[in-house]
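Look at the two complexes coming up: subunit A is in both, with subunit B in one and subunit C in the other.
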Partner chain A sequence: MSKGYPIGGKTFMALKNLTISFNEGEFAGIVGPSGSGKTTLLNIIGSLDKPTQGEAIVLDQNISDLTHKKAAYLRNINIGFIFQVFNLLPVYTVYENVEFALLLQQYSGKERKKAVMEALDWVGLTSHANKKPDKLSGGESQRVAIARAMVKRPKILLADEPTANLDSENAHEILSTMKKLNKELKTTFLFSTHDEKVMGYLDRTIHLRDGNIEKDIIKKS
Partner chain B sequence: MKLAFTLSIKNIFGAKLRTFLNVFVLSFSFVVIIGLKGVMDGWDDQARRDSINWQFGQGQLIHEDYDPLDSFTILDGKGLIPENISGLTPILVHQASIYPQGRMLGATIKGIDLSQKSVLLPTKALINSKYNYPVIIGKRMAESSKLSIGDEVLIRWRDKNGTYDANRITVVDIFDSNVPAIDSGQIWMSIETLWQITGLNNQASFFIADKNYKHKPINFWKFNSQEELLKPISDLVAQKNGSQSVIYFLLLTIALLAIFDTQVLSVFRRQSEIGTYIALGMTRQKVIGIFTFEGSLYSVLALILATIYGFPLLAWFADVGFAVPPADQKMGIPIADTIFPIFGLKLVFGTIFLVLFASTVVSFLPTRKISKLDPILALKGKKQ
Partner chain C sequence: MIKFLIKGILRDPSKSIIPIFVITIGVMVTVLISGLVKGILSEVVNKNANLDTGHLKIMTKPYAENKDQLPNDLAILDLSILKESLELNYPNVDWAPRIKFAGIIDVPDKNGETKIQGPTLGLAYSILNTESKELKRLGIESSLIKGEIPKSENQILISDEFANKLSLSLGDEITFFGSTMEGSMVFEKVIMSGTIRFGTPLLDKGSFIMDLSYAQKILDMEDGAGELLGFLDNEIYNPIRAEEIKKDFNKKNINNLDEYAPIMLTLRDQNDLAPTLDLMDLITGIFIIVFVLAMSLVLWNTGLMGGLRRYNEFGIRLALGESKPKVYKFLLIESLIIGTIGSFIGTILGVSFCYYFQEVGLDFSDELAGTSIVMPSIMRAHISIDLFFIGFIPGLISMFLGTALSGRGIFKRETARLFKELEV
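Up next, the complex of A and B:
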């Protein structure tokens, strides 16, 4: 697939005739410098964007054919997001931020409580359930974001530069948590990163440069 | 719904002062609109009630040549009282001049059946009077002619042949009515006395119907129902109400503008949050719904605040009433010294509906931008 953006009367190609596939349960990362197209690829997989040419098939659904509503449904049920700047809802507590994803799926109150507490337990934040995001450190905020993304047990988790705003210790802690969840829940994790620390955890590393795949390295276990 | 509600409540209460100002201005609009409209409704009700009680009764049978609003029709606008009629009080209208304290004042004499029960005029005061020509007048007439109970005054009129005649009448009672049409420039006497002094025997200009009257068409006479007679009053109140709508409109516009601005600011500032909602699987329509709901929640909070301070305030207002300045009472329309506002369910719920509807519309308008928002840029916090 290809993806172009119109800039100043010309088209900037963020992805150029790229062909790639991911397997279920992978812990893979798209790495490369800024402007290489990694976030664009992640956004297309997450149905937030569409390719301008070619096809992107996610969980047997062609992203180009999805309406806004169907794309929202796909994200709601099957895709979790983790962002560089956490994007927690500031008016909600930690508990409510995590619960939010389940409210969209209309879980019952009892089911929500069980799932939220379990998700907070995965990331070690059960004691912070009633805190507001502005009372959390960067590492804690990203752990809440992981809990929010994982609480609905999505098939795919997309993490865009998840460690960019974290110190080394917190970055390792976050990555360990995600690796653990990948093993336990068989969720496919896809990262976009240029952080060396992240790369050390990845089972597969796809190097992008100027919208093309430069290297696709699978770590031997 | 729960999601929209909790999110809206948290966002609204999180905004503290901005929320308070929006809510307070809107609640003020609620209270002022209901208060002012209550006064108008109270005036309308009082004017209609007084006009029925003092002037119109259950309707009027009027001689086809008589127009109560045209004094030139007084001379010819009369006829013999039809036979076999019941439930009607005959009134004969005649022009005259009085000379209180040497001044000449134009006046209208109205002869009325003294046993009437159609209107509240105290005609009983004229029965068995010791005076030859006893009359009753209203407080406005008494004030303008400087007459008091017991005063005698010279009156001059023309009889049926156009010949001038004069005599002295005695004021035996002064009634207090809010209806100027039966008061200003009016002198009430027995219809039989008026027949006698004018020679217009058994004639009337119009009749006031009581509850027993059943209308059948009568030649030369036309019947005006109570509603037809009250229409000019209701029209006048409606016109006043219309002119007051400018105030409601301004108040509401200020309040709604505040909500509109808040919504515009909210959609602009919270783009990252909107992007997050979309990324988490919320449809754009749902996000628009949340923001619209949040905006319209201001009017709900305003309603609660308005109830807290507006209910006792308006209840007190309904109790003490609205004092009408004396100058306004001489306008020629029925206005009491004090108008007691009426806050009916229609008024209260109508205002609530209007404000809720208007605030929902202005809350929705800025959120339409969300449907065109690029979620990727929104997630990055880039303003669009």
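Up next, the complex of A and C:
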């Protein structure tokens, strides 16, 4: 597939005729310098954007064909997002931030509570449930974001440069947490990163440059 | 989800403080202004009714046609018979006969020679009769400047301005020159027991108040009166009831061939009050429309500014799987919640101020001692049920409209772009 952005009457190609597929349960990363098209690719996989040419098939659904509603439903049920900036909703507590992801689904109050506490347990933050985001450190905030993305047990988790704002200790902690969840829940993890630390954890690295795939390396385990 | 939104609003008032503030102010001003307009209006209506038009007024046809000339030769006679049948047909209406008559007031010097003279308008009300409601209705007591209310029939109250012009003091004896109903001369010595301020220049320039039965006697109008005023139940004007009585009365008299047959008018029919009343309604209506438009514009803008700050939140919510229409829908629901809060506070404040102005009044008469009886010198608001809606609903509509307009930005932007703004 390709993705072009219209810029001043011309089209800028952010992704150039890529062909790539990911397997269920993978722990893979898209690696490349800034501007290489990593975010664009993740956004298309996450149904926030559509390719301009070709097809993107995610969980048997063609992203180009999805309506607002269907795309939202796909994200709601099957896709979790983690971003570079932590993006918690500041007025809500840690608990509520995580709970928010479930409010759009038909959970009972009891089920919600159980799921939220379990997700907080995965990231080791049960004791911070009633804190507001501004009382958390960067590492803790990103862990809340992981809990929020994982609480609904999505099939795919997309993490766009999740360690860019973290020191190395926190980065390692987060990555091992995610790796653990990948193993336990069989969630497919797709990263975008240019952080060496992240690359060490990845089972597969897809190197992107100027919208082209340079290399696709699978680590033998 | 809605519970979640309310929590968000309550915990981060800064997000909604500006729209709430705008709505509160707007709603409060609307409520206050319409309360004041209604208050002033009903005050004007009441004062006019009490002093001049009544809720209903009966005159003879020719008197009505020439009433500016105070044609007492065309006055109603056999008043007691008329009153009796009125009381029978329309119970609960209080009927008050009155006479207006012109003449001259003459102030004698020590030797009984004319010292000073002035043209005058006499107003005869039933003020000595203890059963009469006229004293209270006209607010004479509170309008007194000097002296006291007449206790005997040859005592009169003179407008304060006129009394000063004539250099009169309390208890002075003066002479009234005029003419009887039939046109013969009247000379009557009377005593000034007090002065009064009407608050309307026409009357303050040179008029006096005399007891009705005394006036009837000196003007040769026994059992007669220029005008017979009717006041509805509890002295409250009810336009529908007034119209009913008028129609009924005039229908009964339609076949009366007597050229002095009585006719009845309502308050609305007199003194150009109808257009005034309609105008006031129109002004209030226009004001509310302008208010809704202006507030919507302001809220549209605050919504746009607030929306920019909230793209972050919208982005997260989209990522979590809300669809754009849902985000928009909840934005509108949120606007209704905020609109309700603002409208509620605004209505409470507006009604409270109205209550204050109803009870205390806005005094415009500091420099003029005493109060008036024709135009209100104290503006009072008037609280009625509709005050609770007149601001509330427009406030809600403005907030909804403003948000609907500003929120369209969510649709105009591509999801990915809305989302891109998540990246610092």
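Note that in this section the second predicted complex is superposed on the first by the 221 of 221 C-alpha atoms of A that agree within 3 Å, B and C clash if a C-alpha of one lies under 4 Å from a C-alpha of the other, contacts with A are read in each partner's own complex, and residues count from 1 in each chain.
Here is the rule we use: a residue touches a chain if its C-beta (ideal position, glycine included) is under 8 Å from a C-beta of that chain, and two chains touch if they have at least 3 such contacts.
Keep in mind the model is a prediction, meaning the values are calculated, not measured.
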item	value
Fit or clash - subunit C, subunit B, common subunit A	clash
First, second, both or neither for A:212, with subunit B first and subunit C second	neither
Partner chain(s) touched by A:77 [first = subunit B, second = subunit C, both, neither]	both
Which superposed partner A:52 touches (first subunit B, second subunit C, both, neither)	neither
Touched partner set for A:61, first subunit B, second subunit C, both or neither	neither
Footprint overlap on subunit A, comparing subunit B with subunit C	43, 46, 48-49, 68-69, 72-77, 79, 81, 83, 85, 87, 89-92, 96, 100-101, 103-104, 148
Partner subunit B, residues of subunit A touching it in the complex	43, 46, 48-49, 68-69, 72-77, 79, 81, 83, 85, 87, 89-92, 96, 100-101, 103-104, 148
Subunit B to subunit A touching residues, read off their complex	2-3, 6-7, 10-11, 14, 272-273, 275-276, 278-285, 375-376, 379, 381
Residue numbers on subunit A that touch subunit C, as the complex places them	39, 43, 46, 48-49, 68-69, 71-77, 79, 81, 83-85, 87, 89-92, 96, 100-101, 103-104, 148, 160
Touching residues on subunit C, where the partner in the complex is subunit A	1, 4, 7-8, 11-12, 15, 312-313, 315-326, 414-416, 419-420, 422-424
